[in-house]
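Pasting the structures in now, so scroll down.
In the two assemblies presented below, chain A is common to both, partnered first by chain B and then by chain C.
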Partner chain A sequence: MIDQIPSLIPYANPIYFAYVLIALIPLIAYMLWKEKRLPWYQSIVTLVFLYISFGGSSWKQGVALILYVVWQTVLVALYQKYRQKHNQSGVFYASIILAILPLFLTKLFPVFDFHISFIGFLGISYLTFKSVQVIIEFRDGVLKTYKIWDYIRFLLFFPTISSGPIDRFRRFQKELHNAPLRSDYADLLKLGVHRIFIGFLYKFIIGYYLGTLALPHLEKAALDGGLLSWQMLLYMYGYSLFLFFDFAGYSLFAVGVSNLMGYKTPMNFNKPFASWNIKEFWNRWHISLSTWFRDYVYMRLMFLLVKKKLFKSRVVASNIGYFGLFLLMGFWHGFTWFYILYGVFHATAICVNDWWLRLKKKHKNWPSNKWTHALAVVVTFHVVCASFLIFSGILDKLFFN
Partner chain B sequence: MEETLLSIIEEVTGADVRDDLDLDLYEEGILDSFGTVQILVEIDSQLGIQVPVSDFEREEWRTPNKIIATVKSLA
Partner chain C sequence: MKKKLFFAFGPVLIAFIIVACIFLTPTKTTIKNDHLIEVASSSLSSSVVQGTTFTNSALASNQYLPMFGSSELKRFSAFHPSVLAYKYNRPYTPFLIGDAGTQSLTHFSIMNSNEKQLAHKKMVFIISPQWFVPKGIKDDYFEAHFSKLQLYNWLTTTQHVTTYDQYYANRLLQFKNIENSAKLTTLLEQVADGQALSKKQKNSLKLERQLLDKEDMLFGSVSTLFDSNLDKIHSYEHDLPAKADSNEWVKIADKIGAKNTSNNELGIINSFYNKNLRGHLKNLKGKQADWDYTKGPEFADFQLVLQQMAKQDSDVLFIIPPINEKWTNYTGLSQEMIQNFAKKITLQLNSQGFENVADYTTNAAEPYFMQDTIHLGWKGWINVDHSLQHFLKNDTKPTYHLDDYYLTEEWQQS
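Coming up: the complex of A and B.
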């Protein structure tokens, strides 16, 4: 019976936006009128929307979500209590492993064609990023105390629950306890509405045209044409643009709805295809994910390597850091060969990028003008598109089916 | 302390930063995450001031002047 009630994936269907708007009108009116937040109402709205997305026919995901939140909440609370008196590395690493374990299992089970319905749910990786981040900040002593309810609100903030952007706990907490002034909030509302409408254009018009209408034909032609064919080239462009418009559109919805609720969730994209090198690309593509990996994986790993002087050459140390980071990112996307190759591809590209930057530093007389800049943008765009071609999985169909 | 910090920045980046202490090091491509880590390690070993990596924010480290101000506030 319960299986017959349809559940709504966040932002996938226009009716979802109608529900969001109806639910948020009282909140918006109250915040404009009183310049205060309405925590209990926000909690009810959150529960309703979690039910809309994880109830009904998705009820197994709902159960998985509840179990997951209990697991993380207990784990973080125990670590925080422990950290007040002690600081052993072993306990820290064990806590991180336990925090990642549910995500690790959901990624591992499909490899063995093994399915447990109560462990995975839409958005589990994004919640894991949030939880791991809080544990690391306790470890570093940047965060000393917290309110458990703030943490749960942070995890379950419904506008970003399914696919980010990944917010930072201290930033979110500040906003949770401080309501914006009326004039700032009015600007934020305008910005939020604007973002949601750009999102409609990106996801429901351009993304729909590319993904639903064009890509199936392009894919079929590319599979017939083979790896080195102009059809494959066309598919590569089509898929890359689809990936951008679909995900950037979704991210605009998530940020826009956060804005309507008076939160400044960070943006995820900043004209990525205008990047002039791969390093710049990662500053502009899926920003909340790449800065998360930068701050909580790459920089920590490098700090350890540089401090312990494990590598004589700084170049070698830095390159090892890149491979560590991008391999992890590849595995995070899924335990499949083409995701891992995607990671290796980007690690290699960024090492080459660093080598090129060092070379350029030595040759200050090399030309640098708007033409070389344009060339750099075109080259970077194609390297990125090639990586997305790997990511799309079409090579798997081409070689193994 | 200013002198030590400036020489650390110069040693790590290989760039002359004394002419313009408000130069945006990230925007100019002089500093990246790896350079930042090297600076944090040097600050720890030469000045004995520890900056937790998770507390690092690019906004507070953008220019030589900002680095000096941030490290002073941590000392």
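Coming up: the complex of A and C.
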């Protein structure tokens, strides 16, 4: 019997959606009828879909996931218990380090060509954001009580488990205990279906043509053409668009399926290529990641730097903050030179952007109209594409292979 | 409320209906577009290797000459069979079937799925010595060209399980991607035990096969267009003289060869040398001295191909390319071992009635015969063309008498 359960990577195959829809029918019907959630049924669906994603041939990932969840729940429980009476920075930082440790090890091991299959699993990076966030909120005192099952359900919410969007615990918890009203839920269902269909267009049609069909040819041509060639330029555009449609498509699936279940998981993309500067770009690209880094890394780093008066100038402090944020993001993607360079590139771009905005403020008479706006969008688009070219790893192949 | 829900789930319902209509209506899956088939013939695209629609459609007409092989087919140059066929308006167009890493098992699977269209026809099969490594085809290569559609074709059309079917099932069970699928494992174990699939099992597979068939037809075309090599082929036509003349060809081959292998002493085309060898050439010196292509499962896998050819009554020209001698002198790979390989494979062929064998392993030292280390080059292809023209004129029908001995472990290791 258990052999017959298929093993599928979430959202990778259209048939996955058929399974999701069938599994969700009782849940949707019940919520429409009673305006109440059906927690036990949701737990069963979650377990089945976790089994589909992490069972079968990827059972080692499944074991890793279980170990990971046990690790994080115990860690958060201990920290919460401690935080009720004390508040030492050392303990807080130690907890954060322990929360990040599994992720750190999975990122580090490949560097040394060393593999332990019971540590890493699909989605570990995204779960780590969730657990670190909760520890920080206990430290801040915004979170006080710890409901272990709420936390586990937050971590294991299956629509977003493999690649986000990264939800916030308090937001999720509120929804967990309050079902939407019938008429709101009907609207949400419509929105969810709509998002899933747009996701199909993005990921399975546009993403497929770009990624599976065009990119291998573009990459080959670019490698033959060299760094400064029009082929490389073409590859840069192709890869950037692919990255957007593939990831935005995935995110639409995750948000859409959440909607079907009656959850308003935040959106991850908002027309990023229409941004007129880098800062705006990060407000529109992988939004749940950039706001996470803004709230839990950048703001805190700035606060620390300003409070301790390490730097006299706010500008310097802010620039240091950006480098801290984007370097961390680079390392988070993987301990590889081009991811780290990608981080440095964006930190530099955003510092230049800030400098430009200050300069523009001083020169109020500089032209500002729809043409300058269009120019800004084009320039931003190219800067972003250049960063994705670094991110793609093609330079690694070009220089070192 | 009802209206709201109707607008929410109406699209889902319509989508399901449309998909069901497209995939479950049993219409024929052939391609009528001649241009598309022409692109496919030299595209070496994955839909040619893993699908069935293109090969089926192309081979239904007699215009195409199937050529089975591997990476050498991809390396176009002036004397490549496709270029020659276009330049001199030959009565056939080669239909190239293969890719880097396609070996006997993949070719068996492709042929089996197209056996009706291949029946009683002439074809070319290029046997690469380097397939015959002691462990046989690598997992990655097998998986990259594995086709569920072709496997289902085989499973649903096998009536009585033969020794060959059992061998094939057992062989498939050794690969990781098969092992990972509980369903395929169960089915193949059944065949390996000598049991054909039941009617019920076949019917459930047929439904899935129909889905895969439709998928192949709907999406194979676009991916093939991306893989077109026609421009490249036509550009090489300019290197050729207006009239086909072997002496003239040899002169041109010498000239192009010399020009294109100028950056190394090993007779390897410059681009290949730059990309694959420059830099770590030193690490390869003498490193291949103990390589052996004379033993291993590939000999039995190849027997499976021969059995399929006999079954469909194909008339086949086999080509055995050499390995560049300047290169083997450097790496230590033994030319004597390659001779032994050629002897062994020729014995397997001739003793069963496969008489058309163009064995070029003695041409290893001829300049510009090879394009690089293991891929046929300018003069190599000229020689292939001679053999091919001779083969196409010859109308004596072969008679085959298969010997199961060639499936055994004893033969593999002898």
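Operating definition for what follows: the second predicted complex is superposed on the first by the 395 of 401 C-alpha atoms of A that agree within 3 Å, B and C clash if a C-alpha of one lies under 4 Å from a C-alpha of the other, contacts with A are read in each partner's own complex, and residues count from 1 in each chain.
The rule is short, and it goes like this: a residue touches a chain if its C-beta (ideal position, glycine included) is under 8 Å from a C-beta of that chain, and two chains touch if they have at least 3 such contacts.
Quantities reported herein were computed from a predicted structural model and do not represent experimental measurements.
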item	value
Superposition on chain A - do chain B and chain C clash or fit	fit
Chain B versus chain C as contact partner of A:Ala186, first or second or both or neither	second
Touching partner for A:Gly321 - first (chain B), second (chain C), both, neither	first
Partner chain in contact with A:Lys307 - chain B first, chain C second, else both or neither	first
From chain A, separation angle of chain B and chain C (C-alpha centres, steps of 10 degrees)	160
First, second, both or neither for A:Asp396, with chain B first and chain C second	neither
Overlay on chain A, chain C to chain B nearest C-alpha distance, Å	30
Parts of chain A lying in touch with chain C, wherever the complex brings them together	3-4, 21, 32, 56-57, 182-183, 186-187, 189-190, 192-194, 197, 209, 212-214, 217
Residue ranges of chain B in contact with chain A within the complex	14, 29, 32-34, 36-38, 40-41, 44, 52-56
Partner chain A, residues of chain C touching it in the complex	1, 4-5, 7-9, 11-12, 15, 180, 182-183, 222-223, 226-227
Residues on chain A engaged by chain B in the complex (per definition of touch)	136-137, 140-142, 279, 294-296, 298-300, 302-303, 306-307, 314, 318, 321, 357, 361
